[in-house]
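Across the two complexes that follow, subunit A remains constant while its partner is subunit B and subsequently subunit C.
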Partner chain A sequence: MLPVIANDDQHNLHAGPTADVVATNSTSSMSHGKVAARFSFKTILSGASPRDPATLDNEDQSQHYTFFPLALGQILRQYAVTELHLTLNAGNWNYDRWGYPQENGVGTGAELWAWMGEGDIKSVDERWRGLRNALAGLFCASLGSLDELRTTSPEQSFVPEGSLPNWETSHKVRHASLPSEHVCTENLTPFLKLLPCKSQSGIASLLNPHRLFDADWHGMGVHVLWREEEGVELRLTFQAVFDPLRSGSVKKQDWSLQSLFDRNIHRSCPVARTSQVVSTLPTDVAYSISPEPSSIEGNVAIFDVKSLVKPLDIKMEWANSFSYPLQYHPDSVPFSVKRTLRGSSQAWGQLSVVITNYRPSAVHALYLEIMPWLLQFLVHTLEAQVDGTVRDGIISNLTYVAPVPHSRPTTFQVLLTLPPQSTVHLTMDVTKAFLRYTEHPPDAQRGWDLPPAIFTPLELGMNNSAAALVKEGRIYTSALLVDLATPDFSMPYNVIIFTCSVIAFIFGNVFNLLTRRFVVVRLEDKKS
Partner chain B sequence: MATSSKASPSTYEYPNFYSSFFAIAAARLWLSSKNLSDTLKHEQVLSSPLTSFEQLQEGIHLFKHGIDPYAGGSFRHSPLLLSFFATLLPNSRWLASVLWTLNDLLASWILVQIFRTRQNVRQSPRDTLIAASYCLNPYIFLPSLALSTSSFENTLLLLTILLACKGKTSATLFALSFLVHLSLSTTILLPPILLLLATDSFSHLASPQPTSVKIRRLLEFFGESLLYFGVLTLVSALVAGGWEWIPQTWGATLTLPDLTPNTGVWWYFFTEMFDHFRPFFLMVFSVHLIIYVIPVCLKFQHDPLYATFILVGILGTYKSYTTLSDPGVFLSMFAVFPEIYPYLRHPIVTTLLHLHASLLMPLFNHLWLTQGTGNANFFYASTLVFACAQGAALVDAVWAGLRIAIGPPVEGYVIVQE
Partner chain C sequence: MDHLSDSPPRRRSILVKFKEFFRPSGNIHEKRIRRRMRLVSQLNRRLPLIKIALFLVGYLWMLLLPAPDLGRTTYIDENALQPAQVNTEWSWADVHVADQYLAQLERVRDANYSSQQRAQWLNEEFGKLGLSSSTQSYSFTPGVSTQNGTNAYAIISAPRHSGTEAIVISASWLSRTGGGDGTLNLRGISTVLALAGFLKRHSYWGKDIVLVVSDGYLEGMQAWLGAYHGVSQAGLFAEPLKLTGGVIWTALNIDYPGHSFSHLGIFFEGLNGRLPNQDLLNSVDRISRYTGGVPVVLYDHLDPREDPSVNQPPSWLSAAIYDVPQVKSFLVQAKNIARHLRYQANGRGSGVHGLFHQFRIDAITLYAVPATGPHGFHAIGRIVESSLRTMNNLLERLHASFFFYILTGPQHFLKIGLYLPSAVLISVAIMFHGLSTWVDAGWVQETRQVAEKTASGEQETADQAIQWRRRQRPITGALCIMVATHIYGFFLLNVVSSTWFAHNHQLLSAAVFVIFSLLPLAALGIPQESRSDDAPIASILKAFNLCFTSTIISIITVINFALAASMAVLLGLPLIVSTPSPSLPLKLIKYAAYACLGLGWLIFAREETMRSLWYWEVLRVWFAPFVCIVYVPLVIQCGIACLL
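Up next, the complex of A and B:
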């Protein structure tokens, strides 16, 4: 287990719709000595509801932006977004060793998905385009690149986390991801500006970019959703996995806020309703924690930042030095996934997915691939092997939306039935596209990042119906890199000239023969 | 006339044709049993995105699972081929290679028949040579081993020509409509084949006379083929359940959405083309194919089979998604016109150019895409050499076809153009 630090800030506003700000920082030590930290800042705009796209022509009703960030709120209102999830991550979340993350969205790079009501005034796609451009401006990220080349509607894997208003029109999901976009300081600064106390006080003051972006894994998330009873909820999250063993000279997994973030909490955020640091306590080894937690629930220690003495530095120390475990038991994850792209050719290859089910019972999961058109699947070659033999009944319920060259991505989704305690090898042949020279990025030889595949474990209904319940969170595989054939970028003029010359040469010769008459000429004999 | 000297042996039997044809067939069947298709299926010079067997299988798979194969994706085969393969024909790799071989044997037999019809003989000593020139032509049998559907297009092309030579109007027009349906570029063969249908297929190269075909008759033929074409289009729409197959199949021929390398001149040109000039040059390249039709048909109006032959050569060089079998059928058709051999100006240069290009193309393709030691220009350069080789063969064929009318060279005289 990781130590989890949870920060919790909550703000109250009395008049009108209230906004609550809750900040939590949770930390937990993982079995291999790493520390997972999650910051979560929750603002609830009580009684508010998302904008109905049918009212986009009318003037919007006034909103309270006392605590709810105005910059984000205006975007949500202008594009009538019901639910929004934006995550920016760097690195691969290692499910096999770290277990499930506390926030599900850990796919490499940028991922944006939103549920929006359909409307006649502005279509979902129009508003989606506006939304991603507005968010690109707000968070200084290349979200504008999440265009038609990457946008899909995977409804089954991305179900709304909140509730959807009961309007006359239905809701649609739009999803896009950009694995090459990594989170960095320029994204954190606008993120901090959305917080009511910025990074001046409270738990947010621990968000020190020098330390966060030095972590083994780090990512931020912006989640907006609507709960019918409560109102609009904004959750700003930041997750990071630190390695205290890396910096410490002694081989001990001790950590403190000072050692992890190079900062202490000097004062609490005055507008936060609650503000807590939550730490998971080890169960089977000797340790000490200081200061004394405000309360302990099970194996979780809770520190109330408001009431504890400042400056607050929470320290956790182990009695013994750390030794790396020989085996990892990821009991929280039902299966582990390895996805690779095989083949040395730049024209074709094979996608290989190895899934190991650890559980003693069969596990069902939705396997979703959203692939830019650069890599095209040959679905007829899809094959599932268990222990080297082809087995039927593992793949079912194929949903396939073929790509459109130079625009739409592929959506490929199957329902997998993973036999108990066995390893399933999925293979599928792929062809790699040949791009126009203008479609290549400036560093074309580097290759293209392909988005992670998404596995959603399912609890099936009575009759294997598609209306299955999502049991646990999504599991993201690692991103892939595909090496596409490149033309010579310095050659456009030469190619145009060469090809046209050959064509003109043949054309000229043929027409010369066809149009000029043949005549017989008598040769003059020079001697006579 | 060239035919008169050949007409006399027609009473004589050549039993060795059947035995040698059997030997060729046995050799081809043995090759097909070697299961080379797995190694050859990724060779880009052998099958284009429009003719690849892998894509065909993908389309059949999607079709059988109730997913429209034409709703995007890279399936670009005609709905007619899709329905044939999805219902009648076997889906096994082994049976498919036998089918492809039998198809090639049929095509070579048709080619022999075309020659016999042209020479107006029942048998000839050249039969074996002609059958071998098709069946053992590496440009023909390698795409066939890679299970490229261009082999079927070739057979249909030769069948159309044979039916036209025999004067079977409706059958010719139906086969022609089918051919155009499978491969849109073959539209340019429509005028010479209609002319061929209206006249005879005998060699008039040596004694050119203006043709006396009535335009009205040609228009009737054209109307009938349009009718068949409409019917086939409707059937395709029924099979595909809509009209989305048109931009996927015919549209691809004109707009080149897939830039996979092939032996033609289009792919690298449009890879390197500036975006704002792309539609213009797509138009230029398509119109460029059509521009040859009228001059060739006018100049060879006395021998429309020869005009067809020249236009097949144009297609093999300039159409958008070529495979080796497109130039292959042109080269094999040289066997039908033995009368022009003495008048070819540079057959050795043409042969050497072809040898050069056909050895370098697979090599450079491999160096670029698999080894990573060459770049795109290597393969592009070899396709340019290939285009030159095709051009040399084409120009030589045009020259010989016109030069033959003047007769054998005489000491002290030269033939020049005005």
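Up next, the complex of A and C:
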């Protein structure tokens, strides 16, 4: 992926002694005719620290929020959450063509993970349940369904992004994802309400739902973390991938704020300390950008929203018309992953993962699969092939938490060593569960959405894997749909009547035979 | 009261009978047993009549299936589909694009590109539109010939959607015209290419759209589908797919061989008698008529009631009778049903769409019936666009509507309850005959000179009375013969599907016929029953053979009605009329007749045999194994029963 333009915009303002607001927005354009836009709004609650779960019994110390959203702050305090990440995404991030996203969490659907300190008063799981229900209410999303059927603790793939307070008790991570959740306007509205200027001014005024939800990909994120020296940081993000060439009538990848969002920036957010639009500039083609950027750093143009003339409409135009490349070489992604579920049977199948390492050196990655119990792995059939031959040494450090039918999901994690410039085929047989009929959803014939697998590229420490460091961001595969054996719910009465008839027939006969008294009957000849 | 007293005796007798029925006096067990015996003897006495009635009703039912008043008109069952409710955006500009693709494809054809080059060209054309595209090469080695080819495919990823579901739009390089004999489907492929550029302009797709241009007629798509679903197959090398999408729910195959078309023909039968959900056909039918403005026909049968060009009476029917509306409708529907039964019975399906059904994908072929006009790319583009919108509406797989049906016309169909009983009745008749043969085998008739005391010991029956005596019915021999014949059938399948048979089938089929006809004559060497008291092995074999045939027909009716119906017609009467004969020549003549019925296809349908074997080896159509392992042994068992 080659970023062609980026926009960065920061609002900044001091208001009140304890609360700082920093909002950052960046838009960047990729090659291949797409424009990736990222909005990022950062609010820092200076000097604040997360609540210790040991103090949950006591009255909470009074909080003074000016720009930090009260609705979210209350939830964080009540459930003593140290770090929280919620993402709601629609679509599949195409790593092969779009490269790495600026925000890592791009898994399809809803994903929530949080680090919480252990406490005796309320256990982590109790607070996790409260947290997801509270967030479900706040963001109008079905986060309440992220229940025990989907919750796991994958500590290695989801390391804290901020720092963890040094309490007497240890911290635990909880993670759950819901691939069938879809993000739309009803989630964006509460999201905008958390911003200090809502969508009235500043770069947030570009968040036009009509355009955002028409993009090829879009997703929002809420990230809360604690930085020891700064305080509690809240980062609200929105990412979208636009296709200026979609209509087919234009042959140039020109874009402007007006064409992408159908809006301009009319005024800046007065409470923002910095407010910037950052645009990546193309390196090898002729283009023009207007207005003149406030500054240019490398191939990045920076527009300071506060100082530029309003209304601000940033435009980028190319001299030549665009033609699609026939080959795509992602530089920023170390490997590409394709995950499929093979087999058309409703009883078993095969999970197949194809990983292609483009780099000239071996790459290490954690492969994490969090699977609802509907699909059960036969781990002994796990096999790694390179060019059709089984190769040892690719899979190591296997961690497996077996599923509990009707409750706990599988956690399956291995460390992969991907040989340079080669393609690894991982296969594993799976069995598909047979559900109770009450467990089927209302749209039973659709099948079940399975969450994406997560790959985390690692930098291994010197000759041992214990000191593994997360090197780059997580890579999410696409979600899967699995067909389980499904009764014909369109005619439940017929099914019930047939079943009852058969049972009554068998029972009647058996009962009759068991209770009947057998007697000898002498038949006299009729003629007599 | 007066009225009652007028008819006291009659009234009383009815009352008494009524009372007797509900509160019987005397030994109720005895009464029940007597009642049962009466019923059985009544049934027994009338069994021949019942059998004949069942046969007659069954065969008549089959003949009356095309009756115009039978069945009902089709309707859309799944509310989500909403066919023909959208404004289509396919315009003349897109038609122009399709025309340009056609011109390029004609150059590709004239330049004699290899299939590899062709697929690469298609791959690049998809790539120029910004789609993810790739090629897949495959090679089949069934029996003699190797079939190589390369498929090209592209995926339009649904924006804002996880891409867990997919719709396939496909066109094979060869058209179905002439069963894939070499007519090219260039316009079908141009339509797919033009659609690729058109469909990606919209953001409302909720499912990935997979565009496949498969090589050859059927084999290319078989290789592609196998690779997509990760199914490997003996004799097939298929390159794994570089791109995969979600679970495919529905598929449309476009077949547009001519210059223009007058009607849109719908082909829907799949391999091994599978059918797609009727909602798909009905939606496309509505869309074609209301959105596309194109009349719909079944297959390529133009309707003489609407089209004067085909409004000719058949040579065996006078014009006066033909012009009776009911007769004409009957003939039209009979033609449709006959074609349907043919596609279903031999399990080959009616086109490329048939391959999808094995993976639980509802698929049909849209066949642009070649004509001089008036429709072209404009109509077919709108129909496909609107059909895609309809399929895009699906939140679940197609599961409402019907999976078992016979279409008698594009908007008229028979439900399963209307056609299934015809074959089942015949199978019941066969079962009754088998059971009565089994019962009869247990009794032997003999005349006794000596008077005999009855059980009571008081009465003496008259001498010269006809007496029925029970006898043993040893089943081991009959069962061994049956098992042996099925093993023989398995052996037959191995012989005809072997490579050396495929190489010289013109010469060898006669030899195989003779050898396999002569083999069962070994049954003549079976010693006649050692104990004359036992039932003859021939009648036991016949009873078992009939019961087994009946069971098979009944089961097959649900899986593949056409096959069951043809079995019922082919085997029903011939199996029943077999009788043992006293003289050897007569026995041999009867056996020869059965051998011809069972194995005659080796002589009279050589080409069909080879084609069925190809379908078995390449597409896993189980018609050939079924004939060899089930049908032939059943007929041969009957022949052996005549020999014994």
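What we mean here is this: the second predicted complex is superposed on the first by the 467 of 528 C-alpha atoms of A that agree within 3 Å, B and C clash if a C-alpha of one lies under 4 Å from a C-alpha of the other, contacts with A are read in each partner's own complex, and residues count from 1 in each chain.
As a working rule, contacts are C-beta pairs under 8 Å (C-beta built on N, C-alpha and C of every residue); 3 or more make two chains touch, one makes a residue touch a chain.
Bear in mind that the values here come from a model prediction, so they are computed numbers and not experimental data.
**Q** Looking at A:90 after the superposition, I want to know if it touches subunit B, subunit C, both of them or none. Which is it: first, second, both, neither?
**A** Second partner only.
**Q** Now for A:344: first (subunit B), second (subunit C), both, or neither, which partner does it touch?
**A** both
**Q** Once chain A of both complexes is superposed, is A:159 in touch with subunit B (first), subunit C (second), both, or neither?
**A** In the superposition, A:159 touches no partner, neither subunit B nor subunit C.
**Q** Check whether A:285 is in contact with subunit B, with subunit C, with both or with neither, and answer first, second, both or neither.
**A** neither
**Q** Identify the partner contact of A:326: answer first if only subunit B is touched, second if only subunit C is, both if each is, neither if none is.
**A** second
**Q** Could you look at A:497 and tell me whether it touches subunit B, subunit C, both or neither (first, second, both, neither)?
**A** Neither partner.
**Q** With both complexes superposed on chain A, which partner does A:488 reach: first (subunit B), second (subunit C), both or neither?
**A** Both: A:488 reaches subunit B and subunit C.
**Q** Quick one: classify A:70 as touching subunit B (first), subunit C (second), both or neither.
**A** Neither partner.
**Q** Of the two partner chains, subunit B (first) and subunit C (second), which one does A:514 touch, if any: first, second, both, or neither?
**A** A:514 sits against subunit B, while subunit C stays out of touch.
**Q** Just which bits of subunit A does subunit B share with subunit C as contact spots?
**A** 344, 488, 519, 521-523, 525
**Q** Hey, which residues of subunit A end up touching subunit B in the complex?
**A** Touch residues, subunit A against subunit B: 344-348, 376, 378-380, 398, 400-406, 408, 429, 431, 433-438, 485-488, 491-492, 495-496, 498-499, 502-503, 505-507, 509-523, 525.
**Q** Give the list of subunit B residues in touch with subunit A in this complex.
**A** Going by the criterion above, the answer is residues 42, 44, 54, 57-58, 60-62, 65, 67, 69, 71-75, 257-261, 265, 267-275, 288, 291-292, 295-296, 299, 317-318, 368-370, 372, 375-377, 380, 384, 387-388, 390-391, 394-395, 398-399, 402-403, 405-406, 412-418.
**Q** Could you pull out which subunit C residues touch subunit A in their complex?
**A** Listed in rising order, the residues of subunit C that touch subunit A are 27, 29-30, 33-34, 124, 127-130, 132, 157-165, 197-198, 200-201, 203, 229-231, 243-244, 246-247, 358-360, 395-397, 399-400, 454-456, 459.
**Q** Show which residues of subunit A lie in contact with subunit C when the two form their complex.
**A** 32-33, 90-92, 94, 97, 108-109, 179, 213-218, 243, 245-248, 323-324, 326, 338, 340, 342-344, 350, 352, 443-447, 449, 478-481, 483, 488, 490, 519, 521-525, 527-528
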